[in-house]
Amino acid sequence: MKRKSIFGAIGLGLVASIIAASCGGSSSSSSSGGAPKKGGTVHILTMGEQIAHLDPQRNYTGTDLAFAASTMQRTLTSYKYAEGDAGSEITADLATDTGTVTNEGKTWAFTLGDGATFEDGSAITCADVAYGVSRTFATDIITDGPTYAISYIDVADYPGPYKATAEQQAAFDKAVNCVDKTITFNLKVPVADFNYTTTLTSFSPVPKALDTGEKYDMKPVSSGPYKIESYEIGKSLVLVRNDKWDQASDPIRHAYADSIVYDFGLDPSVIDERMIKDAGDDQFAVSESIQPENLPTIFDNDAYKNRRVDYYDPFVSYTNLSVKNLSCLDVRKALYLALDRDALRKAGGGPYTGDYADGFIKPALALDYAKSKMLDGLKEDGTANVEAAQAAMDAAKVSCPDVAKHAADGLVYYYPDTPVWAKAIAIWIESEAKVGITIKGSPVEASKYWPTVMNPDTNYDIVRGGWAPDWANASTVIPELFSTSGGFNLTRNADDPDYAAFEAAVTAAKGDLDRVSQGKKWQELNQYVVDRLWALPGTFLKAQSIWGSKVGNTYQWGPYGSFNFGELSIK
Amino acid sequence: MSNTAAPVLSVQNLRVSFDTQDGTVRAVDDISFDVYAGETICIVGESGSGKSVMAGSIMRLNNSSTATTEGKILVNGIDVLTASEEEVRGIRGSEVAMIFQDPMSALNPYFTIGKQIAEAYVVHHPGASKREVHDVVLAMMIKVGIPSPEKRIDEYPHQFSGGMRQRIVIAIALVNNPKILIADEPTTALDVTVQAQILDLMMSLQKEFGMTIILITHDLGVVAEVAQDVIVMYAGHIVEQSHVDALFHSPTHPYSWGLLGSVASYGANKRGDLYTISGSPPSLISLPAGCAFHPRCVHSKGSGNACMTVQPKLRDVGTDGSRSACHLTDDVLISIGRGSDRS
Amino acid sequence: MFLFVVRRLFFAVVLLLAVSVFTYLLFALLPTDPAALSCGIHCKPETVLANRIRLGYDKPILEQYWHFLRGIFVGRDYGFGQTAFSCPAPSLGYSFNQHACVTALIGETFPVTAFLAIGAFVLWMIIGIGVGAIAALNKGKWQDRFATGFAAVGVSLPTFYIGLLVLFSVVIWFQILPFPSYESPLDNFSAFITAMILPWLVLAVLSAASYTRLTRNGMLEAMNEDFVRLGVAKGLRLRVILSRYVMRQALIPIVTIAGLDFAGLLGGAIITESVFSLPGMGRMSIRAVVDSDLPVLVGTTMVAAVFIVLANVIVDITYGFLDPRVRVS
């Protein structure tokens, strides 16, 4: 929701996974002495009309995942309930540990702990987890969720539990099998970080008898400390304590507040005004977003310093270049050097929107990030270097005259037909014109933008991009964005002479079970792409939140880039 | 004007003016006259001469927020202009009733005619039983000549013709047996054939009820037929007041000559010419100085500068009780008025 | 009268059909692809196709419309096996965005809109006609100048900003009322009133402005009517003149406009509902536009149309009742 205002629909389906290093406002929330109190009601104020999806297998939005995982949907493994770097480490949740990997990364086993129950009091079994996972395959009903189960689990032609024949179901049960309390996942390919994948609520248990398919979204069965008391779209979602939840069975959740209430459908200016005023029940409220016009009020005034945060959210924005059409590094360099990134950022809202990116992996992915060496001549203040760009363009006229001519004739830039993007494209056109590159904007109706550019028949030269890792590993960034098998590769780089080496290095990194060594590989691959400019790094995006003076535990939970809602407490 | 009984209506020094954005309109300027029981008095004059405003004042119908009224209007000894609202309401419809020019718009379109007649009766007979009211209404409808009244009592005004509606208005006016009936051009809006019927009806009802009729009209034919006394108004003033015969045989004001001259049967002189008045009525906001009629009067040079500077007072002229507001001498007025030399 | 009603009802049904056909056609022409709205950057062409099938937009528009029409009479079934569910007749379809049958959604949101509309309507008629009448009776005096000013300003004030201003001042800055949170009057009457009072007032005061002008002008016009003079000449009391003569006349145009305004409100007071976070039908319909949620869009449009048709019939009947000249014989 909050990103939409700045960059249009980046898409709901991004899970964040990186630590939000606080920046600007200091967040002193969790440090004030003593354990948080129990009791009280926390309110979450939002302009949204509902939670996009509460069905665990359909939930794929950072904030919603943080909300559901911390309150109602236990997973095999979880991110630690902690602020800062610690929050992106995984820990056991329903399982007794973070999993056992064998078979060179192709077999993962988790053993369930004792005492965990659903809200009706029935014990959570291995079969419930397997059933939950199987729902992801029913793509005709269970839509919008992450599909890692389908890509990874070694089963073919499985249509999900609703339509499966006995044989199909047997095949799935073999791929995901239960022996007592131990669930074993047999994967098609080695996945070194599958225990990160299992932090997604799409790996949460669902009791088969209570599955209502399409309607499960409205009243999923809780396995966590809270359960739904009422859910009225456009009005409110009220969570109350799940009295069947046993603290002893849950190694990570504390459930301080007695009740958590989502208040939907509020005008954003009303939310800001209420949060600024901080009176009455609003002292117990949190808000995930701040209107741009209210940012100076909140961030330039010390009165709010203990209840505000300006942090990196998990998103990176960038620009895809069609390497197929622009098969000339000099032209790609000229494009980047000539671009007035400063003007673009100002048009988007200035420094609060984020910092200039030095690649595609955010610093918060600490193991996978290293500062990249950027292109020679690229200015740190984001302004254009027309001289250097012209030099690159002149070089291109010699090294690859066809591509240089194509750039001069006109590069087609597909963009979503929104006012924000119309403004951005105007800046592109103006910037590139200074070095003789012509940009031809091609607007696409916003809802059709991604299907259009993802269609291989669409012949673009430039398209926008925006991404957040699905979990705290650059394995969900570099391969996704630049490998031909990646889900969001818009660079059309398959024929680049350097691609084969890249692909080999990606495969090696994916299979590296040593996390530190793997991180090193991602750092190198990030630099590899930055050097070749298959895509132009844009902005490490930032977000801002504010909370009421009587809310505790308001840390930003790195992997999701949001509050850890289930842990919010009343002071 | 030799009546010795007290007048049923006495208008004394009545002035009515309206404040408008363009200035003060002196619609009625210092007029006085008495009306006696049972007589029919006609008020004639061009549109805008103040007839209707004057008539409205008698029932205090003029808009009080814009109109300024001075003088006295005595009905039954009560000064209508200063009486309480309650007292005036007692007079309206009961002592003095009114018939309007356009029967098409004078009836409330949202109620049956039975209700509207009944309403007029009940307001002055609060204790009347339903039965009694119903009987009175039916009787009134019969009296004013509405056929099959039993059936038509529950019909709405739009279901009646113009003539029938005027009969209903008359029924409303007479249901309380008022002493005075003010009829403001009651036949102007009607078909010629119907006009006579309505006039006849009024006259016959006058005989039956014995009320005084103040008939405002510009139809001199009507005046000749029904009036006893005639008041001629011009620009808010009374310019002549005469017995009807005197007016028609020897009008004593140049304006009256003109009025009569515009009716062929009375106005043609011996040579058969029509005497006409040139020009148009003056603006009531800025009346000419002196006699308001002087710019249109062919005789205005006959009295030196007086016509241009001095407003003539109403005075007796001759011996037949005529009164006139003109600076010309009686002899001149009488001789010209008799038709010897109107041109 | 019976024939009149039958004719009107027949006309209403035809109109509703036309409205639904029109909504379907308009929807088909919209540039937005409803199947691509939920997947964002995961919208690969095959995902979009799968979504289109799931939502039922893959079928020819005529077939979709046939299912819709049929559903009104026999209900509709969705899903299969364990996940099967149905929207019983009269079904207006199922919203995959809100996971509920459209009929049920309207059943939940319409009362909110109706309560908002009724309360505001009653208030604004009282304020509008009251102030207008006072102005007419005091023409040219300060009351009249105030009322005329109120009418001129009120008509031009934007509901959104005035609503926000009232909400900010009364609820947030001065904390006179708690933040409105809608409750059904049957469950919690005082909370209901607390939540409704501001939206009622804002809507009423702003809408009253044009009624003030209508009433004032209508009354002044009526006061000049001959029949009103005759009423005075009859010796009737002022109160009677005003009610039976002046108001009766002045009310007629007001009834027409009020009927249509009220019907429009019942279709959803979009801005007021949004500012005050009332879970009404107007907000739902706007959301349906944003989400390209055809079933909700058609459903709310048809409900709005029903009320406009109904309002027209009621206005016509009232009109005939108020004015015998147009009464049907």
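Side notes on the structure shown:
Letters A, B and C name the chains as they come in the text, with residue numbers starting at 1 for each one.
The working rule: contacts are C-beta pairs under 8 Å (C-beta built on N, C-alpha and C of every residue); 3 or more make two chains touch, one makes a residue touch a chain.
Note that this is a predicted model, so its numbers are computed, not measured.
In this structure, the chain pairs B-C and A-C differ in their number of contacting C-beta pairs, and the larger number is found at A-C. Averaging Cα coordinates per chain and for the whole protein, the chain whose average falls nearest the overall one is C.
Distance from the chain A centre to the chain B centre is 92 Å, each centre being the mean of its Cα atoms. If you average the Cα atoms of chain B and of chain C, the two centres end up 55 Å apart.
Centroids of chain A and chain C (each the mean of its C-alpha atoms) stand 41 Å apart.
The touching residues of chain C, when paired with chain A in their complex, are 31-34, 36-45, 48, 50-51, 53-54, 78-85, 96, 98-100, 108-109, 164, 167-168, 172-173, 175, 178-179, 181-182, 274-275, 277, 279, 283-284, 287, 292. Chain contact summary for the complex, chain B toward chain C: residues 56, 59, 61, 65-66, 85, 89-94, 97-98, 100-102, 105-111, 119-120, 123-124, 156, 158, 169, 172. Listing the residues of chain A that touch chain C in their complex gives 9-14, 49-50, 52, 60, 139-141, 143-144, 162-163, 211-215, 217-218, 232-236, 263-267, 269-270, 273-274, 277, 279-282, 445-448, 450-451, 454-455, 466-467, 487-488. If you check the complex, the residues on chain C that touch chain B are 139-140, 225-227, 229-238, 244-245, 248-249, 322-325.
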